[in-house]
Amino acid sequence: MGIQKFTVETSKKEEFIDITAEVRDALRKLKRRDAICTVFTPHTTAAITINENADPSVARDMLQGLRKMVPETGHHHAEGNSPAHIKSSIIGCSEQIPVENGDLALGTWQGIYFCEFDGPRERSVFVK
Amino acid sequence: MGIQKFTVETSKKEEFIDITAEVRDALRKLKRRDAICTVFTPHTTAAITINENADPSVARDMLQGLRKMVPETGHHHAEGNSPAHIKSSIIGCSEQIPVENGDLALGTWQGIYFCEFDGPRERSVFVK
Amino acid sequence: MGIQKFTVETSKKEEFIDITAEVRDALRKLKRRDAICTVFTPHTTAAITINENADPSVARDMLQGLRKMVPETGHHHAEGNSPAHIKSSIIGCSEQIPVENGDLALGTWQGIYFCEFDGPRERSVFVK
């Protein structure tokens, strides 16, 4: 089956980056027509999600919603980035998308997002 | 491998609908005895989850719990359905269930739910 | 492909237990070098997540963060464990990890956690 890897450069502390095109490229290289595509990030303060890619204010509202759910203060972890770890587990570090006729079976409005919660950093994404 | 698709008619703004029987039907048609079953919904204001199917008040408490976590006001997205997008990413648009001897290896109390967060609508579910 | 199963004994009401070594053992027995590893728990008041395994205060902060997000009171379910059901669906009952050269392609800081939300109990985990 093989695995494809690419990097994402984030430029902010918290950011959603649309990686749908990069995942499609990786899928083309894997030459699979009938499969499940797993998109996985090997980091504990980042995540992968699928959501609307038409209006950028959706990603902004999602980051704001998560900030309201997970307060910045009152944590024990000495590095001070516990909110980023919590958001990573809430959203999850992978997504699975059915592959049909060699393409991702995404809905009209669905895009795949890399979610940065403790940037800016260079991050990795695996596609399998 | 193939893919099976079915539709779900939701009748409320927010609703959990048990689709375990539909997923089992789809799995039978796919004739797989030893696999991973992916249940995926191609929408950005809906989700798939696995939870208790014995007492319907669990689903009601989950919808209420999510409403407390994600406030209805203060969002930018012009359509006004940002809370539905946020809940979709928190719960996630797919679930993976091991298949053993041709059946879903679900626990005694586990059922598969379609989660509507911006209905009522006709929705699609893919099983692979 | 086969499936491997093991049990986890939890000792508290809420607890994160690192099961990375047990998952690696199960993967060795499945003898797969190039695959996706699914870790699944068949319970509705528990979950599987991937997060930092270096500093134990991260797990403590995550449990505390989830308790702040999901209030203990105001639920309908007669068993009184609705918060555990809600946390189970937020975190999710499975994780998928790419397998490369026979090993889990986890990041340096990533460990696989069994999340107990309604213990202490004996719990099952499936690896496929």
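A few points about this structure:
First chain written, first letter: the chains are A, B and C, and each begins at residue 1.
To be clear about the criterion, a contact is a pair of C-beta atoms (placed from the backbone, for glycine too) under 8 Å apart; a residue touches a chain by one contact, two chains touch by 3 or more.
Quick caveat, the model's predicted, so the values are computed rather than measured.
A complete topology is adopted by the chain contact network, contact being made between every pair of chains. Shared residue numbers account for under half of those found at the interface formed by subunit A and subunit B, and the copies are therefore classed as meeting with different residues.
Think of subunit A turning onto subunit C: fitted on CA atoms, that turn is 120 degrees, to the nearest 5. Spacing of subunit A relative to subunit B, judged by their CA centroids, is 20 angstrom. For subunit C, the set of residues touching two or more other chains reads 36, 69, 90, 92, 96. Interface of subunit C with subunit A (complex): residues 34-36, 49-52, 55, 57-58, 60-62, 64-66, 68-69, 90-92, 95-98, 100, 105-110. Subunit C meets subunit B in the complex at residues 1-3, 36, 38, 40-44, 69-71, 74-79, 82-83, 85-86, 88-90, 92-94, 96, 124, 126, 128.
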